[in-house]
Amino acid sequence: MMDFLKRFSRNRGAVIGAVILITVVLLAVLAPLLYPESPWKMVQRPFLPPFSVEGFPLGTDTLGRDVASGLVHGARVSLIVGLVSTLVALLIGVPLGAFAGFYGGLVDDGAMRFTEFFQTIPNFALAIVLVAIMEPTLPTITLAIAIVSWPPVARLVRAEVLSLRKREFVDAARLAGLSNTRILFGHILPNAMSPIIVMASLMVATAILLESSLSFLGLGDPNIMSWGYMIGAARTVIRSAWWLSFIPGVAILLTVLALNLIGEGLNDALNPRLARKGR
Amino acid sequence: MKKIFTTSILSMGLAMPVAAQDAGGRLDIVVQPEPPSLMLGLVQNGPTQLVAGDIYESLLRYDTDLNPQPSLAKSWEISDDALTYTFKLHEGVTWHDGEPFTAEDVVFSVDKFLRETHARLRVSLAHVESVTAPDDHTVVFKLKNPFGPFIGVFEAGTMPMVPKHIYEGTDYANNPANNTPIGTGPYKFEAWEKGSYIHLVKNEDYYLEGQPYLDEIYYRVIPDAAARAVAFENGEVDVLPGGSVENWDVQRLTQMDGVCSTGQGWEYFAPHAMAWMNNREGPTADTRFRKAVMYAMDREFVKDVIWNGFGKVATSPVSSKTNFYTDDTIMYDHNPDKARELLADMGYDGEAVRILPLPYGETWQRWAEAMKQNLSEVGINAEVVATDVAGWNQKQAEWDFDIAFTYLYQYGDPALGVARSYLSTNIAKGSPWNNVAGYANEEVDAMFAEAAVAATPEARQEIYTEIQQTLVDDVPVAWLLEIEFPTIYRCEVKDLVTTAIGINDGLRDAWIEK
Amino acid sequence: MTLLSAIFGRAAKAAVTLLLIVVLNFFLIHAAPGDPAMVMAGEAGAADEQFIAQLRERFGLDQPLYVQFWNYVSGVVQLDLGYSYRQQMPVLDLILDRLPATLLLTLTAFGMSLLLGIVFGLAAAARQGRWGDTAITSMALLFYATPLFWVALMAVVLFSVKLGWFPAFGYGTVGADLSGLDLVLDRLRHLFLPALTLGLFFMAVYLRMTRSSVLEVSQMDFVKTARAKGLGEGVIRRRHILRNALLPVVTLAGLQAGQLVGGAVLTETVFAWPGIGRLMFESLTARDYNTLLGVFLVSAAMVIAFNIITDIVYRLIDPRI
Amino acid sequence: MRSIRDWPERDAEMEPVLKICDLAISLPPGADRGFAVQNIDFDLSAGEILCVVGESGSGKSMTANALMGLLPDQVEVARGTAHFEGRDMLALPDHERRKLRGDRIGMIFQEPMTALNPLMRIGDQIAEVFEAHNRHTPSERRDKALALIKEVGLPDPEKIIRAYPFQLSGGQRQRAMIAMALALDPAILIADEPTTALDVTTQAQILELIKTIQHRHGMSVMFITHDFGVVAEIADRVIVMRYGEIVEQGPVAEVLKTPQHAYTKALLEAIPSDHVPSPEPVSGPAVLEVRNLRKTFVTSGGLFRPKRSVTAIDDVSFSIARGEVLGIVGESGSGKSTVGRAIVRLVEADSGEILLDGQNMTALSADELRRARRRVQMIFQDPYASLNPRKTILHALCEGPIVQGVSRDKAHARARELLEIVELDAGAADRYPHEFSGGQRQRIGIARALAMDPDLIIADEAVSALDVSIQAQVLNLLRDLQKRLHLSLMFITHDMRVAAQLCDRVAVMQRGKLVEIGPVAEVFLNPKAEYTRNLLAAVPGTDWNRGAA
């Protein structure tokens, strides 16, 4: 573990990413303390630019709501959507990829056809349709994002399992009389964890982007303040109040950037052999 | 009483600045969203009428005070018993394909075509006993009973004239000619680049000498509101019809040099924003709750911030622009304390209330958010339901809402545009345009029936005043705002809006100053 | 296993996939609340039950779902994608109308992102660890992390409104009646911002992939062999490293095709680009079932075509397959 | 094959082609030592073959790469000179060195599979050498390439020139590499373990080719290898390296016969000698009996790829007595490993019977098989892949027994005991595989097999991946254990000498068939099958070794 932290901290970008992400997480967690009032509350004149009025460092939006409050509360939504949808995508993709890679043959064929099928439908289009059908609420958006994000996981896990199952320690486990499930979950998957973790960190980032894109198209949960919503709502006033789309845009950018940097850091730290090549 | 109007008087009146209009030029107008079809006889939504209003015409137009004006009919007469309407048609009018336009076309359009396809007109046609064409240029409508609003239905969107020689005996909806609409209007259909623009060109054979003035019109499809604003700024488009940019941009754009705007051209429709409140079940079934909602809402804030000061807070089911409006009703001001009192009185238990916003852009979305915030500030547990156009219609038609935003046109007369929302006979699942709230009051039913057929305007006014007083006290729906959709255009465009229907009535009179 | 038979095989598989997509989407879409009659009634501003019933009958929505399904599928098998009652024309015509715009946009974005991604990726790899590398990879990361629509908005404000270099939207200057070179230039000017917006993200993806792939290939034995032959670094990079490094990039590009086509929905909406992405979103809101299904079918076919193209490219580069 | 003694004497006073003085190569900070090599002084004379021998990590390849200017990033020449044709190569600017590479000095590498660009035709890769040095016109280049392909003995040159590397066998690729290195008739050829990855018969051919070419062109060859057999076969002079330094150098006969340095002696002793013992035949009941085993691999390449089938096991029958060690030898692709894996049912045989103490293993259901698996265990080839990197050694040793129903405490106790048996510290139990060296891991692998208390152990190339000195230790351990615990062992190897050391009987396999089986002395000294004879003849350094024994 110490070793891992040391390798991780050797990557300057990863440390920056971690600092940003921790800040975002802190803001999200502390949102109710920092801004106990609802972010929807209309508190001041609309369209206040940042730093123009004491107490509203980021100004107010089209209805006079505090942008800073929205940003902080929005962080919670973005992070929750990112994390939960990634988790769900992993829950679909990992077992599917694992079984496909491990059992091969018809199982593999079936699973991969299924995966390809989902990869053939343009993912954003599918997400839009799913959200429209289920009606946009936080759970449905999260689910829709998960449904369009799992295929790469399945592919990755399958490839990892395919290469791992030929390793001799798997043969050894088999000779020890272990059952297939025990070999798969006890020996193979733990060894596939590091690429999965790296991919997951990137998927969280992608999910945040997807959520914001959906919100932008008006397919967000209207009861929940999210960054994508803030941009979408400010899009029509971009000419007169550019900062209203700029600020949440930067928030998304920084968070996604942080997750990517962390992903790279994890990659370096978890796969030291590749790291030497990559850096 | 006999009313006779002649072309000569009226065209003189209209062409007041006798200064010669400059002919020629091209106008680019935003149309949003892209119309599904240009066949006005089949589809009557806003975008369709915006474009097709140049192609199709009806017998009359209406000035901004809702007085009838000649269009295809050069004069008309209403018998003293108010049962016979006789129209004299212009002579020498031809369809865009060169066929002559005659009274037979009018009879076909009204009695055959529109009776089958036009839901809104069908309501008025129920009062019509017969439509006949004694000669090629005379049409006679005979009514079963006096029907005050009838003179108001001869507008292109309500009663468009369609060519008999093309549609008679065909399956109207699937007639291939629907893709190349043929009317009698000042502009002819030229091309439709789906997703991009609709191109109309001047009708050289138009029956009014020298008109129209413009050479061509491009209706531009630009799906994103911000992009539409940019397009106007860049000079790509010359006219932004009402509602085509978000309100926040309206102010900015109208402040630009050489940009003019007008709020006129909506008098006929008089869009009346309101929120259905489900009278059948949930907290909204309680009048006290509905009143609390009225007091909780800060409608002035909405007008000032969300609508940028455009419009007027609605005080009654009838728009102040429509005939028979009265301000002698209870006034609901923004009074959260009163709202809380009412809620306490009814013993509101915090049951969640679902607000269904109107899925027509950011303005409406913000409005729903503001309402939710207003309601929650007086202790109402409200949440906004996310939905799109289809879902919104479906939920209204299925009564699956507590509060639902909408806006309705008044069509110049309470009998056409108001009564439909409150008549208990008009409660039926399956349509978003009837008495969706489910308000049922026999007295009101009776009064509306009486008012529609009352002989004189004075008599009608009396009944309508009483209706308004009753309704405002019962608050079956929350009236929100008399919407004003300013039309924004470059100042060199003249006579863009000359009627109560605005640019939806066609650009017959518009010209560009050189 | 000639190229031709491989393509044929892919096409056969693709047909099955497409049929499945039709089936899935058919039921998905019909599960959405509301139907086209409802939407049109809503838009009409007035409608009684008779009107809505008429519409439903006209659209064939009064029939049981399985009948509708059967009608649709048997049509699709004969390449008849049905009729769009909303747009009043056959879906196939409607889509063919819009398809060129989408193809132009996605292919340009794809080509541009691939080209720039590879060029910058190579440049970064060549400067590995130095500031040039850091600058390029940071830029890539930035593009990678920025929401597409936000880039679009900012690009419009900057390039179109402030600088006035490029039109903010549209497919061409309307009514300008251009021809020849002028038409091409006009189209290109309109194409620039949307293609840039759509392409930036993918450029970042390909850049990162190219860079790491080049670095990996550079460690391979045959590169050492090439050096041992006395070849110059330029030749080694061009002839030995690049081609081998491109293989994973091509694979990735194929896998990303779905995302590219999906991204077109956003781009086309913001830039008023009259393609099928926008058509999809509009038909979804209008519940224009046939059109929506048609768009899904065609865009899935596009993804498959992209995959086949990348496959062919892969085969052209790699003799082993 | 000729013995070293027949090799013509050379003029020792000959002017060196290459003179290396005080070479030192520094490693990046954080490496396990500061210098890859240091204090390197040696000459390469004209027309001689100089072998540089050492185990992995001795710095022998690093030296060659430094000469070529092909050191990896961050690894640099710290000091020293290398005089070649009047100039110090190490001091030359990059572009001058580039001119030397491929022109005056050619080089070939160990892995023929990866040393050629997979996307380029062989002919182009050869012609590229001319292009790199601006020689000849394109059509001449092609002709020259053809001639070179002929010279290195590749069949059907017209076809080869258009072929891609994947269409060639390992030996053919190595020939193509040699053709490239020869293209401009260099003064020096550096060969970095060029035969290590090849089968023994192919190795013999390539060695022969290098000798012939060296003779014909009068080049100097610097030949890097870890195999003293190869040294004996090819070298004029030898340099022995350890830990980055030269420990001994001299004419081959001297070094092999009378090694001076202790390390050289140890290395030479560690080589399994060709002295074939004649162990007592082991009699008794058969623990394993294999009857008419067959296995054909069919690659279903998908819809449009033609099916290809490879017969891996072709009607193989044999038996192993309790307490006996049966060697299975053969080249790669002979099916020897498949036989091993088929017995433990990691591969399902198509037909035939595998009787373990009379019980037919092939007839077991999945469940029965899981329980029966205990009875046959394997020791694997790759010490780095055979242990799960995420599990402790204790876990590796106990998981099997626990699954088979042994109590946790008992299993743990037994594990510690076994670690002692394989001569590892008992504290090793709680550590992870990456903390151990290759040899130690192989011991753990043995302990793991023993933990299951099996009736038969199959060792599949169990020592092939190890350096020669480690190999000797592990082999000794295996032999000890076998004797002590009276183990039945099936020992699969490609290395005839290793087989000779350990086995009671030997079976020789070729292309899936068992060509010969018998007591070890009989098979090695009196081979009946022609294939066995070829195989034995191809073992490098046979003559020297036999002489030494």
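For clarity, chains are labelled A, B, C and D in written order, and residue numbers in each chain start from 1.
Operating definition for what follows: contacts are C-beta pairs under 8 Å (C-beta built on N, C-alpha and C of every residue); 3 or more make two chains touch, one makes a residue touch a chain.
Owing to the predicted nature of the structure, the values given are computational and were not obtained by experimental measurement.
Common neighbours of chain A and chain B, listed by label, are C. More C-beta pairs touch across the B-C interface than across any other pair of chains. Centre-to-centre separation of chain C and chain D, using mean CA positions: 50 Å.
Work out the mean CA point of chain A and of chain C, and you get 22 Å between them.
Centroids of chain B and chain C (each the mean of its C-alpha atoms) stand 40 Å apart. With centres taken as mean Cα positions, chain D sits 47 Å from chain A.
Residue positions of chain D touching 2 or more other chains: there are none.
Within chain B, contacts with two or more other chains are made by residues 224, 226, 230, 233, 359, 387-388, 391. The multi-chain contact residues of chain C, meaning those touching 2 or more other chains, are 32-33, 153, 161, 269, 284-285. Listing the residues of chain A that touch chain B in their complex gives 38, 40-42, 46, 62-64, 132, 135-137, 218-223, 232-233, 235-240. Remark: chain C residues 1, 5-6, 8-9, 12-13, 220-222, 224-232, 235, 239-240, 243-244, 317-320 touch chain D in the complex. Taken together, the chain C residues at the contact with chain B in this complex read 32-36, 38-52, 54, 58, 85-89, 94, 97-98, 101, 153, 156, 160-161, 164, 167-172, 174-175, 269-272, 274-275, 278-279, 282, 284-287. Here chain B touches chain A in the complex through residues 224-226, 229-230, 233, 245-246, 248-249, 252, 301, 305-306, 357, 359, 361-362, 365-366, 368-370, 372-373, 376-377, 383-388, 391, going by the rule given at the top. If you check the complex, the residues on chain D that touch chain A are 341, 344, 346, 370-371, 373-374, 376-378, 380-382, 385-391, 396, 399-400, 403-404, 445, 448, 452.
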